[in-house]
Amino acid sequence: MIIILKPEATQAEIDHLTQKIKEHGLTPHLSAGQERRLIGVIGDERAIQNMPLSIFPGVESVLPVLAPYKLVSREFKRENSVIPLGDGVTIGGKQVPVMAGPCAVETQAQVLGIAKAVRSAGARLLRGGAFKPRTSPYAFQGLGEEGLQYLAEAKKITGLPVITEVVDPRDIELVAQYADVLQIGARNMQNFRLLTEVGKYHKPVLLKRGLSATIKEFLLSAEYIMSGGNHRVILCERGIRTFETMTRNTLDLAAVPLIKGLSHLPVVVDPSHATGRWDLVAPMALAAVAAGADGLLIEVHGNPEEALSDGEESLKPAKFAAMMTELRKVATAVGREI
Amino acid sequence: MIIILKPEATQAEIDHLTQKIKEHGLTPHLSAGQERRLIGVIGDERAIQNMPLSIFPGVESVLPVLAPYKLVSREFKRENSVIPLGDGVTIGGKQVPVMAGPCAVETQAQVLGIAKAVRSAGARLLRGGAFKPRTSPYAFQGLGEEGLQYLAEAKKITGLPVITEVVDPRDIELVAQYADVLQIGARNMQNFRLLTEVGKYHKPVLLKRGLSATIKEFLLSAEYIMSGGNHRVILCERGIRTFETMTRNTLDLAAVPLIKGLSHLPVVVDPSHATGRWDLVAPMALAAVAAGADGLLIEVHGNPEEALSDGEESLKPAKFAAMMTELRKVATAVGREI
Amino acid sequence: MIIILKPEATQAEIDHLTQKIKEHGLTPHLSAGQERRLIGVIGDERAIQNMPLSIFPGVESVLPVLAPYKLVSREFKRENSVIPLGDGVTIGGKQVPVMAGPCAVETQAQVLGIAKAVRSAGARLLRGGAFKPRTSPYAFQGLGEEGLQYLAEAKKITGLPVITEVVDPRDIELVAQYADVLQIGARNMQNFRLLTEVGKYHKPVLLKRGLSATIKEFLLSAEYIMSGGNHRVILCERGIRTFETMTRNTLDLAAVPLIKGLSHLPVVVDPSHATGRWDLVAPMALAAVAAGADGLLIEVHGNPEEALSDGEESLKPAKFAAMMTELRKVATAVGREI
Amino acid sequence: MIIILKPEATQAEIDHLTQKIKEHGLTPHLSAGQERRLIGVIGDERAIQNMPLSIFPGVESVLPVLAPYKLVSREFKRENSVIPLGDGVTIGGKQVPVMAGPCAVETQAQVLGIAKAVRSAGARLLRGGAFKPRTSPYAFQGLGEEGLQYLAEAKKITGLPVITEVVDPRDIELVAQYADVLQIGARNMQNFRLLTEVGKYHKPVLLKRGLSATIKEFLLSAEYIMSGGNHRVILCERGIRTFETMTRNTLDLAAVPLIKGLSHLPVVVDPSHATGRWDLVAPMALAAVAAGADGLLIEVHGNPEEALSDGEESLKPAKFAAMMTELRKVATAVGREI
């Protein structure tokens, strides 16, 4: 950490500051430039990174040197984390698993029909929501445990491992009985209690980036899960909120190679929520694989007009299958496989 | 609701669409303009507002006519809601109560000292966090119930009602025993389970706007609480996330008169979190009252350098008292009182 | 256009409104829903789209039905515009031309060296700035006409058509003598005088999206050029400003298929400015082609450390050549060619 | 400037880096922390602030110590700049001049009528646009010189100095003959040629913040003008672009005290463009004065329904006069006068 002093900082102010630094077991090192004096802090700056040093008298600004996260970083682990998701599927290696299914689980027939369709088109996991976070209290909130049972049933028949969302610490036990991968939604990326709780399980967790989360905050939320003991974390870019309103969100695809440089964790892209429009899902899925994504999360519905949630962005099974054909070509072009 | 048809929409597509509308008990009304045909939907459009009408064949776009919220709106209740907060303090009327205290409860002496100081300067409620949502898992997470007890102790001595945050549905029972006002933080504005749960209590709830929440989403989250039966909701503007990084967030002060036009609920401003800098708190507090805010939430700490959370934006008691003097003048100028 | 009336709108207010609409040669059509009355406006709404109808007494809101642009739209021209750029290169068809070169023209040797290198790697145009818009008045502002001469020299030797930026209406005449394609930079996307002036020339114009321009505004700026008579407009997505600071901008890649749905104009992507980091240029270039981009704009510099502008995001010639090899594979996978 | 090295940086890389720094006349100072080594650069870092040091081999990140602007800063000039605007009006001192008038000059009678009305309500300057930057090429673009003549006429009769916008370097000579203050609009904040040109005049320049300009960029644009020799610069906060769509822009009022801490220049607020809604203008004007604004820019129109531009946000003269009465009270409360 480097502390830049105001031009008018007094010796007493500097003494006060260096004293505080020493109290935390670190070593201050004063040096003078032409226009400013600086204090370099030697030692593990994480010991003082929550101190409000910027308001100490005589301080102009404070520049952290180290990233605030540790376990998620490439420095902590050089090679890519490859995470088994069940049924022989892994994520983080050469394979780019596609996780497909309806936004919300609606009926047993619906889930099973879609599961069979996406499996035959090449999907590796079945997605579907039983607990739905919805902006309006008057929108469909999900089937709850009944929905989980339908997913389990579909898994038994198709063999596809299941990924589904958990929204409440009180539900994790239940959801974990049915799911192969726990999903934390964008609106819960900073629901720290939920992060802490899933950190106690051994299930893989897919963590979605919050609507206005910086990449640093996103990685810190993953750090919550890993610091609890669960290292099977998958990061998911699903669009951020910007001023543009023609798409539901703005897909920040550069986050994929950027995060893969900073972290060893796999990075998945959800083009369905990122765009909110079914006609943009396929081009963004192709782009995601070209950019190096480790997996995709795609909404598929047999009859989007009747979907109880997110019909606007759901692909019909035939469109999904066509997209998978294109995806395979792009994956091959960049040395991956679907 | 108005549905604009594509120029090339066929009669079969229009029939399909009008059929669906009728199935939901509404009446479609087709009319032809010069360049487009439209379908006006007569009846309560909330019955179909979650249908993905925009993807129906032949549809170009869909324009809702009604706001998606109801109980929070001025149409539902014309006059301002005035909410009692305990100890004779009310919010939503002429009085502009200031809620002040430390970001995090740290020790009994700290809370009591600050409570006495802010009371004598004119604060009407004591704020302080016992359960702290923190971006990093390595930051101070709050004292939990011990912190609640300190707040209760300070209330007993100073008479100030207490506002404190709840972050987990499992804690509400406990927090409600100690608090006069439950606070839902910005990161939990769309933690719908938490909203639903506080909707079952009779305590006033102060709901903070999420970092990237539109005003419509903000009001929908308040609707979650009200639709559960708890009508004592206070809205809090606390800054939104933008591209500007010199301040922690961007205070959207125009939201105050805007929301007061749309809703009968009181609107409070938190200039501490909005700016993240103690030197900007007083000017923004003055501005908030000038703009019509119904209350203020201010962080005060006896020794911000040692604060375990948000020291950067905390006022010392003397600065807080000086600000209160200025605030009274501005409040008088706009016909309010502190 | 549809005008939604307030529940309390009076007959006099409605009469006033319909009178105004008729004065502009349009026909108002009043209809009553269950909760609101509406006025549908029949005729070309562009006649009144600049009237502030929302402030007329009795009006709740105003919903335009038509897009505010015309010449740029797919309705105006169904098939893709294919624009010749010189030397047999076209944009908007199967070919995806790569435009590469230094951010700023520095010396004759520099430009010529880079031109030869990018040509042999497969670039189709040479880019380079002679007039540089720089955030700081103390940064290198470009060589001016001398730079244009170096570009012309490099064109003569390599055969590559030249694209270069124009920043001032007074310079267009000069720049047009040397350039094959005129570039309007992001900061000038709403410099309407400049747009109007280039609309009078017959040169192709590459128009970059502004840092905070919506797609609607972007298309309206293109409309300025087209309405002046110059229909050879190329749109360029180059990243928008968001809250994320790890990249210089956020590349909004979904804008590519979205704009291609709305407009017949070709869409190019500039991954160099979008990310501001050379290590993210290749993955985003691959992603852009996978998403359907019609061209790429890439910064290449022989010695980025010494670059007078944007060294951070420039590729060395060897990295550029390696990227081109990968690009060809992805282009083939999606049925295009570089 | 401080350069943080990668853990794996080699001695050769460090030598290369220090060599480059010395070549620019600066002195590198290497120091080793526990986890990272740093190079502190001693000397005026502005000599190297445009070098892409972050891409040098072995460099992890680069932290500038000094602000990139100089003449606009409080370090350059401690006391507030007080700028005479004509007719005894000054800005930057105790007085808070209100600049009011129509968005666009439409007719001689219109301008004169509004000028008289705002003068009698207490406005100190007359605003009005003769050259209008409009998003659509089909919207009213202003009267040009004829509009300037109407403004001059109104000035002669009312005595109010005139502020009006200039949008093209070719028009400055003309506009400067009529105007007392030149206005640079938000869309031209980074039209660097225009900034450079107005820097050669002695007229006061009111520079509006760009829609997505950071405060640092805003100050750098002011630096363009000052570095050309014109030190009479007034900064204007007029709202930034965010995700919120219920207001035209988001007024960043905290920018007022923030900029006044960083710079000696006066700061004005334009609540009309910031909100885009006449009903929010008065509360935001009151808030601006409470927050410490040095002036206000307000749109007033005798008949907003018929306004050729921005009718939505224009106050009628009677509403303007009522607002002025309120403003005087708030100004007195904070020790200023209107």
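Quick notes
First chain written, first letter: the chains are A, B, C and D, and each begins at residue 1.
Here is the rule we use: a residue touches a chain if its C-beta (ideal position, glycine included) is under 8 Å from a C-beta of that chain, and two chains touch if they have at least 3 such contacts.
It should be emphasised that the depicted structure is a prediction, and the values quoted were computed from it without experimental measurement.
For B-C, the equivalent interface among the listed pairs A-D, A-B or A-C is A-D, as over half of the contact pairs agree by residue number.
The greatest centre-to-centre distance from subunit B, using averaged C-alpha positions, is reached by C.
Centre-to-centre spacing of subunit B and subunit D amounts to 31 Å, using the average Cα coordinate of each chain.
Centroids built from CA atoms put subunit D at 39 Å from subunit A.
Subunit C and subunit D, compared by their mean Cα positions, are separated by 26 Å. In subunit A, the positions touching at least two other chains are 212, 241-243, 245. Residues 212, 214-216, 240, 242-247, 250-258, 261, 274-275, 277, 279-280, 283-284, 286-292, 326, 329-330, 332-334 of subunit B touch subunit D in their complex. Within the complex, the subunit A residues that touch subunit B are 20, 46, 49-52, 54-56, 68-69, 133-141, 167-170, 187-188, 190-193, 196, 211-212, 217, 220, 223-224, 227-228, 241, 278, 304-305, 307-312.
Interface residues of subunit A facing subunit D in the complex, by the touch rule stated above, are 2, 4, 7, 29, 31-36, 38, 40-44, 63, 65-66, 75, 241-243, 245.
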